[in-house]
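Labels A, B and C are assigned to the chains in the order they are written; within every chain, residues are numbered from 1.
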Amino acid sequence: MRVTEPLALFDHHCHGVVRRDLDRAGFEALLTEGGAAGRWGGSRFDTRVGLAVRRWCAPVLDLPPDVPAGEYLARRAELGYAEVTRRFLGAAVLSGLCVDTGYEPEPLTSPAELGAAAGAPAYRIGRLETIAEGVLAGTSAAGFAAGVADRIAAVAPDVVGWKSIAAYRGGLALPGARPGAAEVTAAADRCLRGTGRIADPVLHAYLVWTAVDTGLPVQFHTGFGDADLDLARADPLLLTDLLRALAPAGVPVLLLHTYPYHRQAGYLALAYDPVFVDVGLAGHGAAGRTAEILAEVTELAPLTKLLYSSDAYALAEHHHLAALLYRDALAAVLDGLPDAERLAGLVADGTARRVYLP
Amino acid sequence: MRVTEPLALFDHHCHGVVRRDLDRAGFEALLTEGGAAGRWGGSRFDTRVGLAVRRWCAPVLDLPPDVPAGEYLARRAELGYAEVTRRFLGAAVLSGLCVDTGYEPEPLTSPAELGAAAGAPAYRIGRLETIAEGVLAGTSAAGFAAGVADRIAAVAPDVVGWKSIAAYRGGLALPGARPGAAEVTAAADRCLRGTGRIADPVLHAYLVWTAVDTGLPVQFHTGFGDADLDLARADPLLLTDLLRALAPAGVPVLLLHTYPYHRQAGYLALAYDPVFVDVGLAGHGAAGRTAEILAEVTELAPLTKLLYSSDAYALAEHHHLAALLYRDALAAVLDGLPDAERLAGLVADGTARRVYLP
Amino acid sequence: MRVTEPLALFDHHCHGVVRRDLDRAGFEALLTEGGAAGRWGGSRFDTRVGLAVRRWCAPVLDLPPDVPAGEYLARRAELGYAEVTRRFLGAAVLSGLCVDTGYEPEPLTSPAELGAAAGAPAYRIGRLETIAEGVLAGTSAAGFAAGVADRIAAVAPDVVGWKSIAAYRGGLALPGARPGAAEVTAAADRCLRGTGRIADPVLHAYLVWTAVDTGLPVQFHTGFGDADLDLARADPLLLTDLLRALAPAGVPVLLLHTYPYHRQAGYLALAYDPVFVDVGLAGHGAAGRTAEILAEVTELAPLTKLLYSSDAYALAEHHHLAALLYRDALAAVLDGLPDAERLAGLVADGTARRVYLP
């Protein structure tokens, strides 16, 4: 179908892939954000993303489109995970990757390994809450604010940006004003007396302001994620006060995923100059609907504020599927518009380079 | 257009139809969720559902498509409500019906009558708040918890599932934890001192937990309904804590309607194994847009978690229209996907049978 | 493309246009709701509305479609703002305009001038908060309630309706009950002790009830607007209690913009007889997507409850673009429906006349 050279994509948010072969249960457990196959839900292949794997990933493993899941997995096992990774990362046609290494219940490929498989440079993103929990474990409440600022400054040279997972913890209703030292100490104290897990609006906000001090871009998980999420608290509009307060600093803030609040996120990208959006995860998660979702986010979001991310996690298939579906969706959205080629280049790669590799 | 045998649908949520002939005002008052024709809104035929009645229902009454409303209603009266019911229920091509008999400001056809007209078995759904209000009227606050549990257990053999209308009362922001006995008694006491109408999060939640104890599936009204509703309090995401708490029990929970929060509902169906979704009411209510709405709910909802419901109420036309539009929409959504026929069978009938007739 | 006579539109909510020539920075600053071109966002021409200006407005200035922005602006300057205004307002093909004169950081064309350029009658809308702030500046808290009622009654003969900008101030979560005199006085007192800027639910609600007393229609800004907005507080569902309370009065209430909450607004228009909706601003703001957005609002909104507005502001291009895109979108939405021509006439002009010129 695509006869011209595919447009290389800069994936500004993804994760590594597993370093082992997977049986059917193991593969299905990683296929969607919904976890393992269940009594009621049955096979995870009966989802848009599952059907898309059979259609679009099978040929990369030398199989015909729409093979049964069993055959697909047998061939996958036969090739072995290393070869599968190499094939899908290569097929994705990427120009760069920003890798979030902060969530690894099992060892995943490193950014360097992922980049090698993709044939493209890979960069690290620092997960703020993970860094902060490390600091908190070794300090007092009184030492937390300075300790975490020092740690973030120390990590900065090794990363190209930061990520906040406030959406998964205390939610995105963060204060607009920069928290004061006493507030941070009190919140750290509450946290230390509790589980030591960062889930406090004051601490999330403090981390973001401290991250912004480094001048590096800050990503927020917003919208759709796994079952740990309270989705209503991940509406990016909850960040409005904070985004308004951060805007004068001019440091890029990137709203990841955003679905099903992507139209709201598009508004934020229009309203605040340093705010960017993507529809990562929904791209392959809602396979067959990517173009519609992308069209919706661009209703208000300037085309200069849209980036590509896969949010691929654990399965190499995600890297390939997300890229393939996004590329087609982007072509459909820009079809017939003036300057379509220039704009496609910005969305695919140019804007991400401006943001992460200035 | 449809040359093959129509796919029989299992309607897992509907109501009976009126047992009388209707004049124009009477028909229009039942046509939409918005109530009677009004000074500003004018005729209820000037809605998507009204236009669809003229197009798709007229031929069932031997009229050409798009007849004026007056001609349509004259023919309807000429045939009489019994014949009209028989024709539309037959034209719907159903394999089964779950009938909510809990809202009947006037006598509607019984499940048995509805099933006879449809030529398909009809089952009863027990409306939890109606049952509880009956119990509350004859007991003390202290006797409520046990009384309602006894009553629900007694009704269980006569129904295939339960329905909560918390969305119409206290809203869907229900507590995640199972309410304790003292909490329930206190809430029942407040209710008895008030109107005796159940509209308290503790009581709604208690009814749901008690219903789940029976092992029978529990439906929730969510999203779109009539003008009694505060739609924002019917967002199914408000159920997140409760759904997470109920999930381990493995009893099916069915989110009805869901529009315009159907994408959010799709997320819940992906995230929690026993959670299912439909787009009942929006199917015919938004005639001409059913395929788009169905496509949106399946962006995240596994195809194994989607059911058909009409939410047909009072007018036999709703039963036919909802089925016809859903069938076409489902075909459009599955068009070209692998295993489309198998998946269509699950959505149309198979999944509902697993849930309600195990 | 459009071979038949264009359908004249009654624009029930728009603003005047600037009375000066604009350089590129000045033009871009007015092109979207997002303000001037920025470091990260770059040129505002890289938005759907910017691309649409190049495509659809260029021919009105005798240029080919898709000219570069620089050429477009050079030609615009060459013609001069007066001629540009004349051309675009003429090209819009309007049958009437309701002009909100309440927001003019710089002098804009008057309703009379706008109407003259359009060749159609122009009417005034009174902005409630602006009127109230004028009264508040010259009275005591105790005199506010009566003073503002007198002022609104005095202004009524000069306007065809009112507009509330509560969405930009205290948000749309307004009380359902009509505020009592003591409440209003207390709120006015708080306001006078503060900035004198009306941003209090009690005052917003009082203004609306007082406006309804005149019998003239009341518009609400809802949904999408500029960066001053907290979009989540502009969800029209927050008005549910107030709309329910106002409905018996039978005075039209018009929900402007509504995007991205337009499906929710459609529900309100179905549920409450005097409630109307539009998708102003999103029409040209989301150029290329207008038909989809319009289709979504009509999923539930009766076709008798939909109006046209541009929310054109400052740039004459907005008046033309909004009309052109809406006309095409409306044709697409009604395509193939029974009575399409009659319904198009209502949406385009007839309903607005019933509401504003009874």
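Convention: a contact is a pair of C-beta atoms (placed from the backbone, for glycine too) under 8 Å apart; a residue touches a chain by one contact, two chains touch by 3 or more.
All values derive from a computational prediction rather than experimental measurement.
After Cα superposition, the angle needed to carry chain A onto chain B is 120 degrees, rounded to a multiple of 5. For the pair chain B and chain C, the fraction of shared interface numbers is less than half, so the two copies use mostly different residues to meet. We define each chain's centre as the mean of its Cα atoms; on that basis chain B and chain C are separated by 37 Å.
Counting only residues that touch two or more partner chains, chain C has none.
Those residues of chain C whose C-beta lies close enough to touch chain B in the complex are 235, 237-238, 240-241, 244, 250, 252, 263-264, 267-268, 270-274, 276, 295-296, 298-300, 302-305, 337-339, 343, 346, 354-355. Interface of chain C with chain A (complex): residues 32-35, 38-44, 46-48, 51, 54-55, 65-66, 224, 226-227, 229-232, 259-260, 282, 285-286, 288-289, 292-293.
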